[in-house]
Amino acid sequence: MDEKIISKQNLVNFCKDIVANGHNLLAPGKTEYNLIQDPSEIVLDTKSKPTKASYKTFVFPKAEPILYYKRGKNDVVMLDAKVDEKKTVIFGAKPCDTNSFNILNKIFNWDYKDDFYNERVKNFIVIGLMCEYSDRYCFCTSVGSSPVSEKGSDLFLVPIDENNYAVRIVTDKGKEFIGAYSKYFTEGAPEKSKAAEEKVKQPEVAFDSKQVHEWLGKNFEHPKWDGVGDLCLSCAQCAFVCPVCHCFDLVDEDYSYTEGRRMKNWDGCQFGHFTLHASGHNPRDIQGKRYRQRINHKFKYYVDKFDEILCTGCGRCSRGCAVSIDIKEIVANCTD
Amino acid sequence: MEELKKLAKELLENKTVAAVIGYQQVDDKRTKPIIVTTPEDASKLVFNEYCLNNLAVYLTKARIKNLAKQNGTTLKLGIVAKPCDIHAIVALIQESQLKREDVYIIGMNCHGVVKDYGMDFSGETLATKCTPCDSHKPLYSDSNLGEVKDTPKVSDEVLEKIQAVEKMSHKERFEYFKKEFDKCIKCYACRAACPLCYCQRCITDKTVPRWVESSPHSRGNFSWNVVRAFHLSGRCIGCGECERACPMDIPLSLLNRRMTETAKQAFAYVSGRSLDTPTLVGSYDVKDSDELFM
Amino acid sequence: MSDKNWEPKIVAFVCNWCTYTGADLAGTSRLKYPTNVKLIRVMCSGGIDPVFILKAFERGADGILVSGCHPNDCHYNAGNFHARRRWTFFDELLEYLGVEKGRLQFSWVSASEGKKFVDVVSKVVNDVKEMGPFKSYDELNSEFMTKFPDMPEIDKNMIIKEEEAV
Amino acid sequence: MENIYKPYLAEITEIIDETPDTKTFKLRLKDAEVAKSFNFKAGQFAEYGVFGDGESTFCIASSPTRPDVIECSFKVYGKVTQALRRLNEGDTIGFRGPYGNWFPLEEQKGKNVLFIAGGIGLAPVRCVIDNVLDWRKDYKDITIVYGARSVSDLVYKYKLKEWQEMSDVKTVITVDPGGETDGWTGEVGFVPTVVEKLAPKAENTIAVICGPPVMIKFTIPVLKKLGFKDEDIFTTLENRMKCGLGKCGRCNIGNVYVCKDGPVFNYAQMKELPEEF
């Protein structure tokens, strides 16, 4: 794997060039990843808290038109929605975020291929940044990732001293991308970045995902689920801030009397009406069942089907939960 | 908080209550809700400046209500409540969602809570809902516990923001709120966390016809936030749970607080303060102002 | 559309027993009022949900009139009293969110006040004309739609007129 | 870029009122090329969309062996079905499909087939019946048991008559007690009871069963008692679906997405799934 070095000043210049070339540049803010106009505003801080929302909305938007239609007396014309083909560079993403595309690729590409997602990912460059933040909710190490994981990044930044970053070139896409900006990069010194990485304090491993998988297989019916269900308030905050939750809804909405669009919106399995049939029958009628589905889908079903845990261990769902339901704690207790 | 633990234990032991909804310590600067159903678990209960949740939200949940039904009789539900939470309980009773005799209120004296978990309690970290608060002792309670301390005095941040917003022109204001609402992802955490959003089926979930669009784009977000704020005007008791629950940091208290002020000015009414009066929007007065109408 | 030829779209939600009958009276008395207004008859002013107003704005209304019976005259005794409290809040809320006062107006018009109905409608139309098209709300609509404006044209015979649409 | 969510346009060529709240649409795909290449298998479903109201999932009720027309039947329940009811002949709807798996009819040739259906559940079964009837010589005895709440709730009355008149098909039609009319000549009783009384032999027989959950729940024990193997009992699951493509997550139960891995499951597979349907 190639490695280069870039100075802090050049990093800003690099970003300025990205913006000048007409690419979208995203960087983490407090609440969400923001579109950056002036790159000098970017603060790259390995110790910063993860944003409240993940950046999945840029590849899998919270609301996205998939089709436009116009109705006539008894005729209809349709127009395909198109995806903005602008290149988007995401800058300073945490390793727990970058891993999300690897996981989402599976669901959006098994069998039928969702090109709305694929087209966006194709135009996406992920520049990851080593992470030194850790709180009680973090558990990336428990789901096979780590604060220095390059999984999902095209380029990966590791601060080696006060003024310089090591840039690891992870994918060909990344290599191709920085080709045009090579003047900012100098030859790398892998031993320095290795040393920097080793100093990072890793969050404790809270559970063994294999054991959890096994336990979930045996304990579909368990009083624990009702316990969580009583406390959970059935909002979808956890699903919507999650970097890998991908359930959605298709709804039509009229724009005028004859025109409208079909939208693909985020939806969450914790909503009572998510599985509600028109007849009134609801297979998951109480919150305990819905929470069980959430955990099972993440740590069992998805693993069985796609061989990936549907979780990056970022802890966002727990950090944002209004009633402090901690997924790490719950999953860690999924053992005999 | 030994007296709280003792009281809860007694209540559960002598079957006065079927469960106590209270707070449990997570670490030294964090708590979480707990539903205690056995006397042994009563020792887990705590109360301090980190008890942010308004637990009244649980009182209208069907499964929690069912807990109270034991062997054919209905026991009370015990709830550990701050004075502001009690306003929510009062409002629920006023709106016939709850009977006074069905709930045992363990009213805690309160001198404010922190903005968020993990902070030290001080004037700077005082939750914004606590700055204008004048109820430090419970209005209604079955037991009143806790010591009375002074709340740190800090300026009323929310009111200042409201005044700043009101100074803007209409266009600027619209832009401001559009930008804030655009962040909304329609997770409905605000609705879920609100003790007064107890509808079995919310208007946004109704599809025939669909009045409030479910899509989280500008138009749908605007409708939803207007409808939410409107449905709470004259009812909101100002517990600030919606804003705390919002993952996208939308300043919902700017709306709720503003409508509370309207209720005060136009109708001299503050929600959740008295069990003897009807609710504001559920009643009317022939002498209400007619100014608005041509 | 040039500003000169612009005519505001006004939606009026009127109660069946008073204002609608008042409007009827205006018609039978051959009083003239602006044709910008589209009346929607509801049973009572107390039955007008604020989401109706939002929907009307979404669909391009520039101004809205809500009108019912005078206090004490409600066919259902207290519908308009309840409405009065609610509208006080809704009006304040919309104003606070940046919708100018004149966009949403309220009135009491009785069955015998054909003349008053004409005056009220004329006032709303004039107010809204002064304020111009409701652009702010239109901007909410334009997301996604403006990005891909090239809808293919539909066969002319197939076009549904607004009146026919349900 | 391919838009997997884009439907074909289909014209409603004929509308049949089955019961007061059930309708059958006959559809023709508008695009001639698509119509020519369109094919599906018995048991697959599709998404039927009314523009402006959304999409709804029903099985394709016509047989793949009669490909010139697509039929679907639906009961009016929610937003989309209400919108569908308002449509007239000649109107256009969106059609996405076919999706999901199908009944393994090819593999089951040479066997007896027992069809059990209740209410609107006859729609998916009808597709299989017609398919089997078109391949009549490949199968042995064919038995159809169909029940509905009342006489007026029986769907496909014209089909029922057709099947009853066939000499090589045994058709038993029943209505729930209290649902019979004066001139009713069929059975009176719940479907499980009727099946028990009929006692079809289990040997070399497959059962295709579809209907309300409660009917399935009580019929399966009867079939087990008669000696049917788990692998020989087939049904289609009806979970709420939106995309039909295995993406939206709505129909996920256990390790399967009903819209991709289903909707047709045999009882052995169903027993493996958590009970969330």
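The first chain written gets the first letter, and so on, giving A, B, C and D; residue counts start at 1 in each chain.
The criterion applied here is as follows: contacts are C-beta pairs under 8 Å (C-beta built on N, C-alpha and C of every residue); 3 or more make two chains touch, one makes a residue touch a chain.
Bear in mind the structure is a predicted one, so any value in this text is a computation, not a measurement.
Of all chains displayed, A has the C-alpha centre closest to the centre of the whole protein C-alpha set. Between the interfaces B-D and A-D, more contacting C-beta pairs are found at A-D. Subunit B and subunit D have Cα centroids lying 49 Å from one another. Measuring from the averaged C-alpha position of subunit A to that of subunit C gives a distance of 44 Å. Measuring from the averaged C-alpha position of subunit A to that of subunit D gives a distance of 39 Å.
Between the CA-based centres of subunit A and subunit B the separation comes to 32 Å, rounded to the whole angstrom. In subunit B, the residues touching two or more other chains are 210, 217. Contact with two or more other chains is made by residues 78-79 of subunit D.
Counting partners per residue, subunit A has 71, 74-75, 81-82, 249, 251 as the residues that reach two or more other chains. Of all the residues in subunit B, the ones that touch subunit D in their complex are 207-208, 210. Taken together, the subunit A residues at the contact with subunit D in this complex read 66-67, 69, 71, 74-76, 78, 80-83, 107-108, 110-116, 119, 220, 246-252, 254, 260, 262, 264, 267, 269, 274-279, 281, 283-284, 289, 293, 296-297, 300-301, 304-305. Touching subunit B in their complex are the following residues of subunit D: 78-79, 82. Against subunit A, the residues of subunit D that register as touching in their complex are 1-7, 9, 49-56, 77-79, 81, 88, 90-92, 94, 213, 238-240, 242-243, 245-250, 252-255, 260, 274, 276-277.
Put simply, subunit B touches subunit A in their complex at residues 26-27, 30-35, 53, 57-58, 61, 63-64, 117, 183, 185-189, 191-193, 205, 210, 213-217, 220, 241, 244-245, 247-249.
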